[in-house]
């Protein structure tokens, strides 16, 4: 059951009408082939029009769409049966909001780690809506260190509203856990490819985001704070979320321009939630395209370049003219 | 207020009588100098006789004596003000049953880690009677890794009844925490000197006990299980603790003979609890004696020798005759 | 007698012995066994055929050491190391019986010299080193022989660059060897570290029960920690804890699922798919190296 | 004007500014300040003399950046880096005010170009690199300038083998710089790792408040994490958590003592002994290297 977003309504309406016509047509009473073809021909242009002109707050809604593929779904499409999930931080708990394991992509062994949201209310509660606790970051770090140990490239999938603002998460040191991941990922001696597939929410997202290459799906977002949170703090009015969404410049096109991500991955028309398989193939293609050249780099150079990639990020007064910011 | 052990009674009685005579003498009515001298001359031989013929179960009682110096007391005597305690495992909790920190011994920076018992009921409850939770071992490991990072030799003090048999300790993986320490200590690239100062109880003790040199105070013990526990399991009768104590061969002399420890440190006459300062000096002397030669060894050789030290431990059928076991 | 026949005959033998140990004296039948999960009484031969899974409720019963080898090893691939290594009596330990007598009885009962068996193996076509502990031999307790065999296996893994798989089951330390048995924890854990340093994978399979000094050493240090369903895995056993805290423990405490939820296990794998899963993991990890 | 006079005059100035910020409008007196611990109203000049410790209850109030330098640095030893580095407006961000206007106002208010100051220093005779964050500058929020200055300081520590001490205080990320401010977390944390790899000590001093992106990056990564008494240290602030879980938080939640008990801090040090203690730690750690 797809969640309908308001700006998707025209599409969904036409799709429904086509279905109705088909039913009538199939029943054999009237031949509506022509009408159906006419309507169908309108869908693609309409989708293109709608999805290429989305406001930032609309993109945020797409990024959070409950039907968007999750990490485990991508893994299923990309690795098939060649994946073994690994649980636990070996310290306190297995956090269902971050999943990971070893897998094979096109004959190459990799470690995959990512946020995991649910696909309905029950699984979302189990997954804490993809908001990790410290043990989630620590599981991720354990797996990434194992990947380093066995010389396996790391693929991360980022899709979280952010760290969880709860008592246990604070008690067990989510600050430390996030910080530690940032520090350690900067020096892990195997390639790291990061994919922002949905919501890239603040520190909880970045904790899986320090990689050699960072990719972003067209309708995903990556932001220091949610539009709602920003509106509450800076506008003193949570209803200014649309304004905040625009101000924060968290769309993939903004991030590409700012040099934060390396490439935007095109989504299936209408968004990744409309075609999981095609979305997964897009990621797989990207991995196969970039991984060989990353593997070819020596570990020393790899981590030096990764360090410099993040080292360079920042904007200072007086440099606007020179750089193309 | 010293806890009296039954076999110490004759000594304590004479000491008390001397004190009484002194009081009378000091009051000026009678001159009892001669009587006092006579009694005093009997103390040393009596102590020597008693303490050199202790049964294993009696040594165990001495090893557990509540007035025995604790890690923090040794540190105070050995480092004076040149010590900074460090708390916490950076994961879950600061465990008061294991303490640690950086200090200076005779101009050399060291990392000190040890079990910490209390000296009365209240502090013993706070210290959980020196029984660590997983976070204690993890704090210890954190500090030892820091020592490795900054090239500081590690001194450990071992004095614990053992790991804590509680729900939280199991939930948070005390098996993993102990095992990890054993594995990591075997390869830490700075010298490690271990001092069994009181009770060396099972896995909880060994978790701080993988060192290049292992020393043991005369009246301390080091055992795979407590005499009580052993009696309950093998004799099916907790009252057979004396028998179990003898069977387990956990006295320092047994362990020296078995090649488990490198040297026995002499305690002040009557036991370390009767003279903390002298006991601490004994440890300090030992550190100063062995540390320079350990520091002189290359890190590679150091950990290879440490590995082999433990690698060799074990007895098999058919080899009794050849080796001097 | 071929390798497989020998295995079968050993299996039958150890099976017998397990029955002697676990079934209460009043029903010392070699033919039947009671399921700890559902209480069903099952024909032993049916159990052997069914991988010691309860026919009624699928409960994972303890598995004799040779059956375990047969479960994991490709046919005829197991080549044992240090088969004849035997315990000494370093402490001249006597409780209700002298230690040497216990050893001799255990040898007779199990047809093994001590509580662990190690050797070369092939698992799903992948060369590896396999260690299997034997709960029937003095409760799988770890003394000098177990420590030595497992350490040697781990060291061979490091030097020959062969992944190591150890199936753990143990009641804890071999108390009769005193401090020597404690030291086997340090020895085996250090050997795991050596394997780590050599960047060779270690898969630890924790089966019912894995406790005490084995749980608190090599068995918890796998790159992959796999448990069988319902396995009891702990340092301090439930009875000791209940005596200490004087309250009833929650349902499932210290069982495999509990450990998975508490972050100590990578996965729980059903016995029927164990070999396949281990093979897959070895394949993926080998592939990266 | 000598270095110390300049410091004093800056101190007075920043003191003034802090008052403007913290004392409610109805009592905008520069002369008095109210203690958040006991409610006592205290003469500002007495506070300055008393290291911003409450004269009545010893509460550790927030300390202006130059006073903090004076507290830790040996006389005349502080030599600032990158003093003129100033924020751009990469997002053309406007909420109730344009970001450049906020920056200009903060500069006027604090006499500093951004929320962190870094430089060479000597502490108890030991050469080091010092970074001090400035809560009065837009709540100590971390944007490009703060990230750059601290990263540069940590990198200098690594390359010049000088220990680094950073006094953190921050409300979190500089939202007006969007994703760039988030990335400063990765940048500064990676720089700490570089320092670690160079085996140079890093002492992190967490003062009231250290929250959000600063808490979740370099500030939590000290070889030594030291906090001042009563400092609020957290990722998510107490108000956000209360809104999420809809219940009152326990007394002392996210305060220094709470963090010490939860294993995140090495020690809590009183402001009066802070310099001496930092000096002792640096001395011991230097000595080992």
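Annotations for the structure displayed:
Each chain gets a letter, A, B, C and D, in the order it is written, and its residues are counted from 1.
Operating definition for what follows: contacts are C-beta pairs under 8 Å (C-beta built on N, C-alpha and C of every residue); 3 or more make two chains touch, one makes a residue touch a chain.
From a predicted model like this one, the values you see are computed outputs, not experimental measurements.
In this assembly, the chain whose C-alpha centre lies farthest from chain B is A. A comparison of the A-D and B-D interfaces places the larger number of contacting C-beta pairs at A-D.
Our note on geometry: chain B versus chain C, Cα centroid distance of 33 Å, whole angstroms. Each chain gets one centre point, the mean of its Cα atoms, and the points for chain A and chain C are 42 Å apart. Those residues of chain B in touch with two or more other chains are numbered 90-92, 172-173, 176. In chain D, the residues touching two or more other chains are 196, 262-264. Arrangement of the chains shown, judged by which pairs touch: an irregular graph that fits none of the line, ring, star or complete shapes. Chain pairs that touch one another are A-B, A-C, A-D, B-C, B-D. Listing the residues of chain D that touch chain A in their complex gives 85-88, 90-91, 93-96, 144-145, 147-148, 151, 173, 175-187, 189-194, 196-197, 212-213, 215-221, 233-236, 240-241, 244-245, 249, 253-254, 262-264. By the touch rule above, chain B contacts chain C in their complex via residues 163-167, 169-176, 178-180, 182-184, 186-187, 202-203, 206, 209-210, 222-225, 230, 233-236, 243-244, 247-250, 254-255, 258, 260, 307, 310-311, 313-320, 325.
Considering their complex, residues 82, 84-94, 102-104, 107-110, 135, 139, 146-147, 149-152 of chain B touch chain D.
On the chain B side of its complex with chain A, the touching residues are 90-92, 134, 138, 172-173, 176. If you check the complex, the residues on chain D that touch chain B are 196, 199, 201, 223-225, 260-267, 277, 280-281, 284-285, 287-289.
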